[in-house]
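Letters A, B, C and D name the chains as they come in the text, with residue numbers starting at 1 for each one.
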Amino acid sequence: MGSLKELKERVWQSNMDLYRMNLVVHTFGNVSGIDRSRGLIAIKPSGIPYSELTADKMVVVDLADKIMKGRYKPSSDTRSHLLLYKAYTQIGGIAHTHSPYATAWAQANRAIPCLGTTHADHVQGEIPCTAKLSDKQIKGDYETETANQIIKRFYRLSPDEVEMVLIADHGPFTWGKTPEQAVYNSLMLEEIAKIALWTIVINPDISPLRKALIDKHYLRKHGKNAYYGQR
Amino acid sequence: MGSLKELKERVWQSNMDLYRMNLVVHTFGNVSGIDRSRGLIAIKPSGIPYSELTADKMVVVDLADKIMKGRYKPSSDTRSHLLLYKAYTQIGGIAHTHSPYATAWAQANRAIPCLGTTHADHVQGEIPCTAKLSDKQIKGDYETETANQIIKRFYRLSPDEVEMVLIADHGPFTWGKTPEQAVYNSLMLEEIAKIALWTIVINPDISPLRKALIDKHYLRKHGKNAYYGQR
Amino acid sequence: MGSLKELKERVWQSNMDLYRMNLVVHTFGNVSGIDRSRGLIAIKPSGIPYSELTADKMVVVDLADKIMKGRYKPSSDTRSHLLLYKAYTQIGGIAHTHSPYATAWAQANRAIPCLGTTHADHVQGEIPCTAKLSDKQIKGDYETETANQIIKRFYRLSPDEVEMVLIADHGPFTWGKTPEQAVYNSLMLEEIAKIALWTIVINPDISPLRKALIDKHYLRKHGKNAYYGQR
Amino acid sequence: MGSLKELKERVWQSNMDLYRMNLVVHTFGNVSGIDRSRGLIAIKPSGIPYSELTADKMVVVDLADKIMKGRYKPSSDTRSHLLLYKAYTQIGGIAHTHSPYATAWAQANRAIPCLGTTHADHVQGEIPCTAKLSDKQIKGDYETETANQIIKRFYRLSPDEVEMVLIADHGPFTWGKTPEQAVYNSLMLEEIAKIALWTIVINPDISPLRKALIDKHYLRKHGKNAYYGQR
C-alpha cells in the first residue's frame, strides 16, 4: 500500500467517493483501509461532516483499537472493522453506508434474492442478511458483536466471493482487496437493492435466477475462466 | 446568538440549506431562529421564492407576533413557530418542510415506527404524528392550533429527545438548539421516512426494533455516555 | 404582454424551465403563451430537443391554427392549446408535460384525491382526470377532442380555481394567467402527485382531507381573504 | 457513416450519453455502431469505467467477431450485438443498459404493457420480454443465445417498429438506425418503464390502452402520415 500518508489519502478519497455517489449523507457511513505490513488501519473520524474531511483528519489505529495517529476519535464503528480485518486477512478495505435501498432490505431483515444478472455479476447467490443481535450482544461490546454476526452468517460463505452483507435492522457493510473495491461494492449493492425492490413490486411472485445463469454471469467476471474486462 | 444581523444571516442560510438539500421547492417551507435574550425571532418572509431570498429579507417578529423589523410579511406559519418557542424554551430554531417522504407519512396519518438504527440514532422510538385538527380548530386560530396539536402529542415526550414531528394531513416540523440543528433534523427525518417506506414495501410485516437496540444507538449519540462524534 | 418578441422570449424561457426542473425529457412537453390583444399564441416547435431551442424558434400561430411567424411547425398538441385559450379567455399560458408521477396518475385513470395540505394549497378538491376518449374522438380531430374532454370534465369546475388536469391515458395539462404560472402549476402538480403516491403506499385506506382543512389551506393562498405571500 | 474514425467518435459519444443520462453506472452497459459498407462495428471495450473512455479506446470488430482495430478486448456482450446486426440489416446502432426501471421489468419477466401515450409514441403495443434461456443455452454460446432469444421473440414483430426489448432476468437492449437513436430509445424505455411501474402501483387493475389510441399516437410520430416533428 505504500506509505501511511498514501493510505490516509486513499481512505479519505474513498470516503469522499461514498459522499459523491450519494451513498451517504452528512456524517453517515465510513470507509477504512489497512496496511497489512504495518498492522495499521486508517479510518474516517467519528461524526465529522464529509464536507470537512481531509486526508490528514483520517485516524490511524492498530488492530488492538489503539489510536496511533490523528487528532480525532475514530468512527464509532471501528471495532466492527477491526474484527473483520482480523477474521478475513485477505481483505484490504471496508465500507459501511446507510444507502437507502440497501438499508431498507437490512431493515426489512431480508436477504436480497438473486433476481437478475446485475446481481449475479457481483454475487453468486443471495446477498446475505445477518441474524438479529440478542439483548446481551447489544448491551455487551456492540460493535464487535455486529462484526461477529457477519462472521457467523458467513460460516459457509466465502468473503472473497461475497463481498457484501446486510446487518439486520441496520444497513450494509461491504469490503474488498482495497478501500476503492469496498466502495465499488457499496455502489453495486445499492443498484442491486434498488432494482430488486422494483422487481418485487412489479412481480411479487418472482423466483431467483436458475443456478446456471447465476454461475454464468458470476464466472464471466470472476475466477480463472473470467472473460469480462481486460484480463 | 450574537447580533440580530447574525441571526438573520444564519436563518437565511438555514432556509437556503433546505432548498439546496432538495427538502423544499419554490416557496414551500420555512426556518426560523430565536434570540432568547432579546425575545426576537427571525423567520422567512411569506411566499418569496428561495432564489430571491437574502439575509436582509428575513422578517424579525417578537413573541407576540409583532413585526419588529423587515419590509415583508413573515411566513404564514409564524404563529406555529411562536407557540413552540414559548412552550419549549430550550429550543433555538424551527424548520418546516414539505419534503416528499416525510410529508407522505404525515398525509398517511402514520407515526414512523423505529425500523432501523438510522432512525434510532436520532429518535428513541417512533416519530410521532399529531391528531387531526377538528373543524373548530381549523376555523379558529389555525396556525396556533397546529402548534397546540404538537404540544398535546408531546404530553409524555421530551422535545429535547424527539426533535421532530409529523403534522397529520400536512407535513413535518423539526427543531433544535439552533436553526442549523433544526435543518439537520429535517434532512435526517426525510432519510428516515424514505428508508422506512421502502422497508414496509419489502416486508409489510416488519416489527419495530427491540428496545435494547433503540437505546444502544440513541445513547451512542446522545446523553452523558455518548461516544459518537468528537465529544 | 408587451411585444411579440417578448412573448416568444417568455414562452421559450418557460419551456426551458420545464426542462431545467426535470419535468420533461428530450422533446416531450410544451408551453405556450397568448397575447390576447393580438390574438396570437407563441408555442414550442414540434420535436425539437430542448437543448436546441431558442426564443426565435418559438412558433407564432393565431387562434385559427394558422402559422403567423416562425420557420418551424408548431407542437403537435397546438390545437389542444387553442381550444383551451378559446374556452377559457382568462388564461394566458398553458403547459403540457409527461412528468413521471403526474403521468402515472393519468395513466392509472385516477383523479388525485386531496390527501394533504400541499395539495389543498393549490387545488380545493381532487385534481380531476378526464374521461377516456372514444374511438370516434381519437380518429377525428384528436388534439381538439383532447381539449374537449378537459372542457367537459370542467363542466362544474372553475378553470380559475383548478388550474391543472390529468388527461386519461396521457398526462397532465396545466394553465394559468401567464406561461410562468402554467409552468409553476406543472411543478406543483408533480410534487402533489409524488407525495400522493407514497401516501397511498403507506396507508391504502387513507381518506381525503376534511372540507374545513381543504378550504382553510386553499383560502390562505387564494381569494380575497388570502394571507399567504406579500399581497 | 463516413470514416472509421468518425464511427468510433460517435460510438464513444453515444456511450458517454448513456452515462450522462444516468442509464448506466461504473462500467455497466455498452453501445455499438456499424459501418455497413465496411462490415465493421465499433463497440465499447470491456470493463473500462466510463470516466476513462475515449474515442480511441473503442474496439473495432468485424461481423465474425475478429478484432480489427484497438488495444482492448471488446464488450463481453459483443456477440449479442453481432447477431442482431446480422439478423436486422437495417439497423445501425445497438445499446444495452442496466437502467433500473427497465431492468426491474426484465427481472420481473414482464413485458411492459402499453399503459399510456408516452409509451404509444414509441412502441405500438407492449415492450416485449424474451423467454428465459435454458440451461443448455446458458452453458453454450451464451451471448449469441441471448440475441437468439430476441430474434425468436420478434418472430411476428418488426425491429423497425419495436426498437427495444427486455431480456428476461437481465435488462434492456435497444437499437435504431444510428447509435444515437439506440441511446435515445434506451432513455425513452427507462421513462416508459418508470411511469408504468407507478401506474400499476396506483391502479393494479389498469388495462392497456385501446388500439385506436395506441395507433393514433404511434402514427403521429411514425410512418408516412406522421405529423409530429419537422418532417
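Heads up, the rule we're going with is that a contact is a pair of C-beta atoms (placed from the backbone, for glycine too) under 8 Å apart; a residue touches a chain by one contact, two chains touch by 3 or more.
Everything numeric here is computed off the predicted structure, so don't read it as measured data.
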item: Type of subunit B:subunit C copy interface by residue overlap (half), same or different; value: different
item: Rounded Å distance, subunit B centre to subunit D centre (Cα mean); value: 46
item: Subunit A and subunit D: spacing of chain centres that average the CA atoms, whole Å; value: 32
item: Numbers and ranges of subunit A residues touching at least 2 other chains; value: 197, 201
item: Touch-based graph of the chains, sorted into line, ring, star, complete or other; value: ring
item: Full enumeration of touching chain pairs; value: A-B, A-D, B-C, C-D
item: For the subunit B and subunit A complex, residues of the former touching the latter; value: 115-118, 184, 187-188, 191, 194-199, 201-203, 206, 209-210, 212-213, 216, 220, 227-230
item: List of subunit A residues in touch with subunit B within their complex; value: 25-28, 45-48, 72-73, 76, 98, 100-101, 103-110, 132-133, 135, 138-139, 142, 169-171, 197, 200-201
